[in-house]
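Got some structures for you, see below.
Okay, so chain A shows up in both of these, paired with chain B first and chain C after.
== the complex of A and B ==
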């Protein structure tokens, strides 16, 4: 059967169609993940705590708000590299970075933080103020900071916050407490001791007094956060201004116990799962097919040697060997793939050999030998093509096995730590007790994705069946 | 030298392990000597299991005989190495019985015909194209431009067999083994294929070893007939002579078995030999035919194996009646 015909047969069956659609979706997501993230994502991002420092821990996905009676704060990060407006003055210039926040939640934020990265100034150190415009029309000055002046011996341009950014948790900063106390006295004529204000900053900033004189209730509406930087030289620069509204629900897929964005981890798992499955299947079927053809066609001692070797290899228990070799040689993904491929081919070889034995005594091989063709030509150009549909089906069938094997190994804690896989996300969840704590968003999606990927290939195999077995063709 | 191909005392035994201890040999060909002359068609006729196909395969050196020699154009190729065999294969080709399984379904006609040229490194791509189109025209698959890109599943059995013939003849071989080339083809196309082979022989002067179970087609197609029974040649003679004056009881029975369209023969009893041929693993002693032979001579036929002797000029038979 020719390839066009095979594809037509594949597409004519329900499972085949579904398999193709799923596979294309997996491939598209994988492609996106590879393009959007660097290949050393695991080391540079996933396993780097600094990246996730601002994120809430164990936060469910943002859409889970739909199912809860209380609308919880969505974790939001505002970033700006360019000021939204510049107010010129005499020898001074005020740069405004503004962030608009539509606050529709029924609780105060878990925390708010402000940070600033890589500031350079040429004459006087800039002055930074952070203020909040509230939906009730009140203006609230939260934070004021003067950048440290030049050290002795230091001459302009002076750079600050290059390696470690200026990071301020508003609820823990004394200037903020003073400003809050001032705001309460001026606007609501409330006097609260500083010790009591500490820890209530976010509650006060995003709320109004409850009326009983003590508590505050949430004030929903449109807030504007303004970061004003007063600079004294036009060449002064700031590379990034960040404002984080600490929430208790996060993004599309929530976070794990390190605050890592699970959506990103799961996304990066797509290309890895496909890579593991397809590369292992490709290696194992190539080896199995070549050995099977050689064994069946050459016969004699070659045949006996290959078959006995397959018997031995096929009967070695794979899991203990895998665990042992990974302990000895280290937790590397390529090692897992190679071992799975090295132990995966014998079954196919035995099958292919029996098919080749039948073909070898057929008239096609006889006729081609009579033409003077070399054994290699007969094996690769004629025999291989006869069994190719079967080999392809076997390869597709082998793919989920490899994906599941890798997930299993990762789950046993034998995954490659530099490359996040779905199996490892699951393993981390189990190790840190996410299952018992009921963090479903952490455990269910990687499990379901593994199942979905395996199912895609099983569907493809089902669709391939009529190609391999012509009697099933309608 | 007039003989293109000579087989000398060829034996082909296949080992089969049928019992727990020891093994049995299937004596498919058991001491056959014959020769094919240039531009001659020699038909080998016999029942299934008589070893005629094995004989054809030995003569193409697709299998190596257990004993005896295969001599092609004066050169002993019994133990030829790969390079010698490749040279031999360029000059000796086969046409096979099953037009459905003997050509690759994954190749189109052009690729199928290009393969022998490719294997033997003949011509550049333009010359190959010319040779392929010529070969298609010769086997009357015209217009060749239309047939060349087709895949075999678009062709009928007869057309496929023409492709098989074109593939065998594109190298302009001197010797062609046609192993039952028409037995799996519709009756309507059989004569056409045989006439085509005859026509190609007249044009190019190659020799055919025509293997068949059907003495009627052998009669029309061959110059000489050799009758085989249980791995041995029992009679060989020029076609006309053999059909008209068969000497061996087995040949007589084979000719008797051909249906005749004459209604006067309706109630005539045919002298067909009874029974089935013996198994080639347990060949009867003496004359192989003796358990079935109507002219069986006790004490002679079941003891002494009759030699092939010349009963008339170039007419040989192996039977005690003529010793």
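== the complex of A and C ==
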């Protein structure tokens, strides 16, 4: 059958159509993941705690707010590299970085932090202030910081916060506490001891006094966070200003216990799952087809040997041997793929052989042989091409098996640590007790994606059936 | 081929499987230097003990060192550590075969023994209990549902159900397990989330059995859920194939009652190919059992795998790989024998 015709038959069946759509979707997402993230994503991002330091731990996805009584704070990170406005002055210039925050939550933030990266100054050290404009019209100065002057022997330009950024947790900083106490006294005529204010900073910043004399209630509305940097030389520069509103819900898929964004991890799992499945299936079917044709066409001792070999190899229980080999030889993804392929081909060889036996005794092969065609030519052109649709269907059928096997292995803690897969995300959740703590956003999606990917190939296999077996065509 | 040769041939193939796995295990261990390291660890463990006990009696440090050194040489000689690994091959094979794998590094059996054989054998019955129960339930459901579906073959319901059955192949056991824990254990608190008995376990017979049943429910449901689809699908297909045979039409034409036709003319004939197909799925269900036990903290050999991986306890992993292969091969052999009982064509040739 011609390829175009095969695709038409595939598309004419329900499962085939669904399979193709799912597969295209998987491929598109994978392509996006590969383009959007570097290939050493696992080492550079996923396993690098510094990147996830600001994120809340074990936070459910933001959309879970729809189902809860309380609207919880959505974790938000504001970044700016360029000031929103510059106020010129005599020999001094104030650069304003402003962040608008629409605060519609029913709890105070878990924390708020401010950080600043790579500052360079040429004359006097800049002065940084952080203030908050609240929806009730009150202005609140939170933080003031003078950058450290040049050290003895240091001459301008002076760079600060290059390796480690200036990072301030507002609730843990004493200047913030003073400012808050000041604010409360001025605006609400409240006197609270500093020891009591500690830990209440975020509650006060995003709230107003409850009215009953103690406690604060959340004040929803539009806030503006302003970072003002007073610089004394036009060439002074700051590479990044970041303000983090620490929430208890996060992004599209939530976070794990290290604060890692699960959406990113799951996204990167797409190309890897497809890679594992397709490469393993390709290797196993190639080997299986070669051996099957050889065994069926050559017959005799070759046949007996290959068949006995397949009998033995195909009967080895896969998971235990896979666990053993990966444990001893090391946790490498390529190794997993090779082992899966090495133990996966015998089943196909036995099937192909029985098909080749039929074809070999057919008139077509007999005629070509009579014309003097070499055995290799017959095997390739007249046997392989006839069984090719079947081989393709088997390859698709084998793909989910490989994906599931790798996921199972990862789930047992033997995944490749440098490459995060869905199985590993789930395993980490299982190992750290996410299942028992009920963190559904962490343990359900990776498994669901594995099921979905495996299902795609099952659908394709079902759709391929009429292509392979003409009697099923209607 | 006579009955005996058939059995012998199958038995021989299965024995070869065991042999290949064994060789694969010991060659991998040898060629990667793993076995050297293991033996060295055993020796240094022994030397440490010896040094402590000898230090009580031999006061002179030089003499002590001398005695220890000669003992060290003796041990190296005894374990053949001075020879390349392939000379130790037969020895290692027999060690694995008899589960003589020494002491586990950190793991202990429930009774406190650190011998690998004790740890593994103690858990074997728990695994067998779980897997056989699940398989029996799966078989009964599969047979009943498969035959029922086959009588409605081609209908819309049949096509939809068959599709779902076939696609249950894509369900990973461990994920189904986690899903069930989240729902039945945490949301509704109907079943415990893991383990085999409550703590402390009830002592009285009846209460103990009920406790066991409550703990086994979710793992068994998991195993049944992931495997009954394929079972039912296979039964349906095989029954369908047989039902189209002429002798079934003849039986119906003779006026035999339908249940009799179904039982004696269809199911009886379809039984051997059904069995063959299911034999092929056996290796998969072993994998499923390992993962299900891990999820439910079932104290069987599968969970032991996970614990041993976490504790990096290599002797236990080696022992488990061997035992799992052995269990698989024995199960396969039992199925082969029942195949011969079921298929008269093999018996009477």
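Note that the second predicted complex is superposed on the first by the 474 of 474 C-alpha atoms of A that agree within 3 Å, B and C clash if a C-alpha of one lies under 4 Å from a C-alpha of the other, contacts with A are read in each partner's own complex, and residues count from 1 in each chain.
Following the convention adopted for this analysis, a contact is a pair of C-beta atoms (placed from the backbone, for glycine too) under 8 Å apart; a residue touches a chain by one contact, two chains touch by 3 or more.
Just so you know, these numbers come straight off a predicted model, no measurement behind them.
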item	value
Fit or clash - chain C, chain B, common chain A	fit
Touching partner for A:327 - first (chain B), second (chain C), both, neither	second
Angle, in degrees and to the nearest 10, that opens at chain A between the C-alpha centres of chain B and chain C	60
First (chain B), second (chain C), both or neither touched by A:382	first
In the superposition, chain B vs chain C on chain A residues touched	C
Contacts of A:435 with chain B and chain C, given as first, second, both or neither	second
Partner chain in contact with A:34 - chain B first, chain C second, else both or neither	neither
Partner chain(s) touched by A:362 [first = chain B, second = chain C, both, neither]	first
Touching partner for A:454 - first (chain B), second (chain C), both, neither	second
Minimum Cα separation, chain C to chain B, after superposition on A (Å)	7
Residues on chain A lying within both footprints (that of chain B and that of chain C)	none
For the chain A and chain B complex, residues of the former touching the latter	1-2, 362-364, 366-374, 377, 382, 385-386, 388
Touching residues on chain B, where the partner in the complex is chain A	57, 60, 62, 85-86, 89-90, 92-94, 96-98, 101-106, 115-116, 119-120, 151, 164, 167-168, 171
Chain A residues touching chain C - in the complex, by the definition given at the top	15, 308, 311-313, 315-321, 323-325, 327-329, 347, 400, 404-405, 407-408, 411-414, 426, 430-431, 435-436, 438, 440, 443-444, 447-448, 450-451, 454-455, 457-459, 462
Contact footprint of chain A on chain C as seen in their complex	13-14, 16-17, 20-21, 24-25, 28-29, 32, 34, 163, 166-167, 169-175, 178-179, 181-182, 186, 193, 280, 283-284, 286-287, 290-291, 294-295, 305-306, 309-310, 314, 317-318, 320-321, 324-325, 328-329, 332
